[in-house]
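So, here's a batch of structures to check.
In the two complexes below, chain A is the common chain; its partner is chain B in one and chain C in the other.
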Partner chain A sequence: MSDSSANPDKIQKRGDSSGAEPAALSSIDHSIRVPVVLFAAAAIAWLLVGSVFGLITSFKLHTAGFLGNWEWLTYGRVRPATTTVFLYGWATNAGFAAGFWIMARLSRNLLQNGTLLNTAAVFWNIGVLVAVAGILLGDLNAREGLEMPGYAAPILLLAFVFIAVWTVLTFCYRRSRHAYVSQWYILAALFWFPAIFGIAMLMTVYAPARGILQSVVGWWYTHNLYALWLTPLGLAAVYYIIPKVLGKPVHSYYLASAGFWSYLFFASWAGMHHLSGGPVPAWIVSTGVTASLLVLFPVFIIGLNHHLAMKGNFAVLRTSPGLRFAYFGAVAFTAVSVVAALTSFRSVKEVLHFTHFTDGQMQWGLYAWFTMAMFGAFYYFLPRVLGREWPSSTLIRVHFWSSASGIVLYVFAMCIGGWIQGSQMNNPEAYPDFVEIVRNTLPWLVMASLGGLILLVGHAAFALHCLWLLLLPKTAEAGASLTSEPESMKLAAK
Partner chain B sequence: MNRLLVIVFGILITIAFSWVGFVYSSYLQLGGLEHHEDEMSGDSFPPPRSGIAQRGSLVYREMGCVYCHSQQVRRPGYGADDERGWGDRQSVARDYIGDRTVFPGIRRIGPDLMTIGGRESSREWFHLQLYDPRIHTEGSTMPSYRFLYVRRPVVGEGSPRALDLPEGYRPPEGYEVVPTPRADALVEYLLSLRMDYDLPEVPADD
Partner chain C sequence: MTDHNQNKPGPREGRLDPEAASDESLQDVHAALAHRKDEVSEGFPIMPIMIVLFFSVLMLVGGIYMANYGGRFDPLVYDERKGPMAAVADEDEEIDIVALGGQVYQRNCQACHQAEGQGIPGAFPPLVETDWVTGSKDRLVRVVLHGLQGPIEVRGEQYDGVMQPFGHLSDQHVAAVLTYIRQDWGNDASEVTEEEVAAIRSEVGSRGAWTAEELEPYVD
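The block that comes next holds the complex of A and B.
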């Protein structure tokens, strides 16, 4: 196995291909402009909707009666709507945009029959809209992470299959000999999602499994949605952005390969800590705890690979917004995996289970890791796809510092608040009144809302900036500088 | 690792591995659980819910109650569920087999509800709690579910089902507040949440 696979820019003609030359990056970017911009625009629109919904949800936790007179805006509806908007509207659309762009570029392939892909993109978003409307109207499934009604799922699954087939075909007919790490992760994500989504919808909605088995399937799905759909797409983006921006190959191909397979095997087993102490056989939770520890092995390998690539190049973080966001995400990924492993033990879960800590940890994974990595990808690919430079470095700074400080504040508040809440719930002598514990969490929940408000500011800056970029006239020089390869990259490829 | 088939084959193995490991093996263990028949009395446990309580579970689901209330009791000695009076034995898989949708939940922003039907027994209490939780508990952050109740002009003697609301929550003179069928169903469901039977697989605490 050649170690040239460690470099996203090594171009080699496939020996057996029919003489097709690898396409130039600029023409690839041009050919996939419409679907990528479509996914990205939908993602950003959902991000704004999700931020507003999230803020409403967060306010309701500490201000009883806030927007409380409408049934469709009650906490039990807005909360699942927020989750759905965030997971399927923002995160998945963003993952499609980044994943498809990276796949097309690494496969050196022009997009064929783009109309079909664009139609699938529109259908995916119609599906999300139907899901969110259904939830607000009361047809929710009440299963964390899979809240959509049964009639929304087929639209999503059908659209997904189209998008996935297009991406896999782009890989099949690739004009470069080697498959790069990012491509493995994207392929894994594309096969994992429809499998778990189909099984989970079948076993929790269409033909609900018996009793508590629904919860086992539900958590198996929700954990894997994070671990084997979103995380691989985030890793694909980080594995692409770091070497591209730094102009040097991934540190080690063997590390990347070992990390990939061990991650796929262990991560899918690690979600069962959500059932800790619950009405399920003990082996389910024990296996989950063991897997949470084992998953640290690939996580450290992946982190080491990124860190070794970054070593000596930290100054670039200041000049490249794409790298800054992506590296923030990569560090958060390592950190949240360690926290997940440490808190999966039964003795820790005794305190933290059923508390706000869970939400802090979920957002740590979903926002501080995945969303930040996606922002990094957006900052890197949007100018290249559109052939324009970002017009304002101030807006980028506002976005980065809002997102970074907002999420740190939110996660801090929820984790500490949750810890206090859990300790007090387990101490009925000192805190016999449940409502007193609720009252003691309020300052932390207000702090979390403040975090959410700061995030909204950042997202507004980001959306505004993207709109500005879209409306800018195309500049020839910028286009050339963005799609041509820097000298260092060519040297590294040798 | 450059061949599509090798990569895809590997990925499919990881999916199958995880599915067999968690979903299929849990199915083998839990999928065939049956009610426990008591040989002395001939009763079956968990007892089936009434039709109206089953309708109430749909209201429980559409209001998203599960996002703040768990329905699972941890074993005595693990956490403080027993001391808080939420249940004196651990809830087990068999406790859930009668329901089409189960709500074990993962948050206790409010108290656990596995045994709420045994802790509060009056329908009136549940209606007041749903109408406005501040009636019973000052400082509660639970949402009010007033939209499950109708305020209407009193006709004649007034409805016997009108809520007896305390000062400060009463409608204006000449009006009364009565529950909708959804509120009634939800209350019946909440009343049916009890764990007052023993199962052979759970050691009795007392």
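The block that comes next holds the complex of A and C.
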């Protein structure tokens, strides 16, 4: 796949950080287009599938008989299928696409060994397909976020081997002298994922740990999939997009560095608060609560770093869709982390545990933060990789406002509805009838479904727009203007 | 589509993200920041102190939380408000004394005195409608703690057997089983408390089985 013929004078040599010439940006973008577009297209396809499944799941909560005649569309299967499609189909594919593009650009080398990535893309998506089909056939595993059957995981891990080899090669043979923040996060995430995924599959499916340890491993994985896999990829995108669009450096190197290490250290412990109230040793839950609280430190630092970079440049949000989506995500990241820390305490969990609040909070992190950041990355890299401009600003606007209002409505409905549900369940004197409490959640669940419907509209606009972009003829001028390298920051460096 | 201007985003909102910084400059600035020592004093002199303060507050709160709810990292502490093995020796729990007595009765007494306390005529005396059970607690406790042998008369019938001592049962279990037989099957006598059993146990000490005559003084 390597496209070195485009630049015969810049044939790759070992980037020993002194002699090698960095490759031109436009040729890097051009060289990596096939794998990035493959992953991005798969991600968007899964996003549409996931939105439909998610909507079905949401409808089933308030209209119990909806599509109830098909066994494979019962709630117990559609809900885990939604989670799997969303986590491994959309989020992970999107993270791969954005991550590889940023990695290739910052390593300033033409794509080498692109076949590895293309093979990985094929295997990964076959793996997700097998996982979803297995779940719909009833072959599932009762662990949130890890519902896929045991025979799907090896395909995903195989795909990951190709990805890991490529990433390490790209980083080792980079022609840039310094590793930028985004590269730290991408590399860390790529090392974390196979570790947490492999350990979790081993200890819950292949050689299940006995008793409560299985649940501990399950929640450790589910939380870390969000905290150590998706969040670093999202942060890598935000750390890249904000300075690139604004032409300002990251506000502080020290903040970025402190945020990176403290986040990786604290976040990996935080998942244990999900076991609150369960039959696990008290210190495990307490450690999770304490870690959730300490995660606020890196979150504060990361948020501060982004906010200080944005300061005085908020007008750019109106003109740059990439930045608008990414900044929405970054703000949601700070907000959901604060909420997660506050709701991890036992006294709060007493009310919110096992209510719809949990789902609302999950989508807050997964959609309002990660997915929005990924949309930002897509709006930024797709035109550059394809060498074309987005054909319609209306579609972008439709997508942004649908996604933003849809997710705000969904999260609001699930969180408030869940809070009311939890308070009523804790008050048996006033609400002796459990069915009445369930009935009281219905308006909130309908509101959440409405949010899901609005999201689907936005996703349809996004998918349509991406298809349109893909089918457009390449315009040479646009390609040039997209990848030119302004000098505005050269001064800042001195 | 081609009149795109990077520095002055036009009214056609949302077409394209301007790229205001090159990757090279991004990394160079980053590297420069990494090597620059005086960064902290620039613009935000108060910031590092605030961050350290923030971190200290978080650590303090986290530490207090772990001290209060961490269960001293003991793997046997499942409830952060209680000590290890709290579920086994839970003093706060309300105990249904009659239910407990029923279980003790099933394990220790039922084989001879039968499920309804009716006994077996000629072999084992009944426990219902007899003064031996519903009458003096002093006598009843002594019988259970130390056993009974020799001829006795219950509800007009003569028995001459041996009842083994049950002193190995705890005070709580003896009290429970006696309350059970005094209050179930239509019997309606006062309960026997743990303290009463304990008092008699320490007063008598260890001895062999009683006879009906020896128990005469304790009838009232």
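Simple rule for what comes next: the second predicted complex is superposed on the first by the 469 of 494 C-alpha atoms of A that agree within 3 Å, B and C clash if a C-alpha of one lies under 4 Å from a C-alpha of the other, contacts with A are read in each partner's own complex, and residues count from 1 in each chain.
Just so it is clear, a contact is a pair of C-beta atoms (placed from the backbone, for glycine too) under 8 Å apart; a residue touches a chain by one contact, two chains touch by 3 or more.
Bear in mind the structure is a predicted one, so any value in this text is a computation, not a measurement.
**Student:** Return first, second, both or neither, reflecting whether A:61 touches chain B, chain C, both chains, or no partner chain.
**Tutor:** A:61 sits against chain B, while chain C stays out of touch.
**Student:** Check whether A:70 is in contact with chain B, with chain C, with both or with neither, and answer first, second, both or neither.
**Tutor:** In the superposed model, A:70 contacts chain B only, not chain C.
**Student:** Would you check which partner chain A:287 touches, where first means chain B only, second means chain C only, and both and neither mean what they say?
**Tutor:** both
**Student:** Regarding the shared-chain residue A:380, is it in contact with chain B (first), chain C (second), both, or neither?
**Tutor:** A:380: touches chain C, not chain B.
**Student:** May I ask you to decide whether A:126 touches chain B, chain C, both, or neither, giving the answer as first, second, both or neither?
**Tutor:** neither
**Student:** Output check: A:178 vs chain B and chain C. Expected answer is one of first, second, both, neither. What do you get?
**Tutor:** both
**Student:** May I ask you to decide whether A:247 touches chain B, chain C, both, or neither, giving the answer as first, second, both or neither?
**Tutor:** second
**Student:** Once the structures are superposed on A, label A:457 by its partner contacts, choosing first (chain B), second (chain C), both or neither.
**Tutor:** Touch partners of A:457: none, neither chain B nor chain C.
**Student:** Of the partners chain B and chain C, which touch A:265 in the superposed model: first, second, both, neither?
**Tutor:** first
**Student:** I'd like to check the shared interface: which positions of chain A are touched by both chain B and chain C across the two complexes?
**Tutor:** Common to the two interfaces on chain A: residues 177-178, 257, 279-281, 287, 346.
**Student:** Can you list the chain A residues touching chain B in their complex?
**Tutor:** Within the complex, chain A contacts chain B at residues 1, 5, 60-65, 68-71, 74-77, 79-80, 138-142, 144, 168, 171-172, 177-179, 184, 187-188, 191-192, 195-196, 199, 203, 208-217, 220, 224, 257, 261, 264-265, 268-269, 272, 274-275, 277-281, 284, 287, 346, 350, 353-356, 358, 425-428, 434-435, 438-439, 442.
**Student:** Spell out the part of chain C that touches chain A in their complex, as residue ranges.
**Tutor:** My answer: residues 1-2, 4, 6, 9, 12-34, 39-40, 48, 51, 54-55, 58-59, 61-62, 65-66, 69-80.
**Student:** For the complex, which residues does chain A have touching chain C?
**Tutor:** Per the touch definition, chain A meets chain C at residues 22, 25, 105-106, 108, 176-178, 180-181, 240-241, 243-250, 252-255, 257-258, 279-283, 285-287, 289-290, 293-294, 296-297, 300-301, 316, 318-323, 346, 379-380, 383-384, 389-391, 393, 396-397, 475, 477-478, 481-490, 492-494.
**Student:** Going by the contact rule set out above, which residues of chain B touch chain A in the complex?
**Tutor:** My answer: residues 1-4, 7-8, 10-12, 14-15, 17-19, 21-23, 26-27, 29-33, 61-68, 70, 72, 74-75, 78-80, 83-84, 90-111, 133-134, 137-147.
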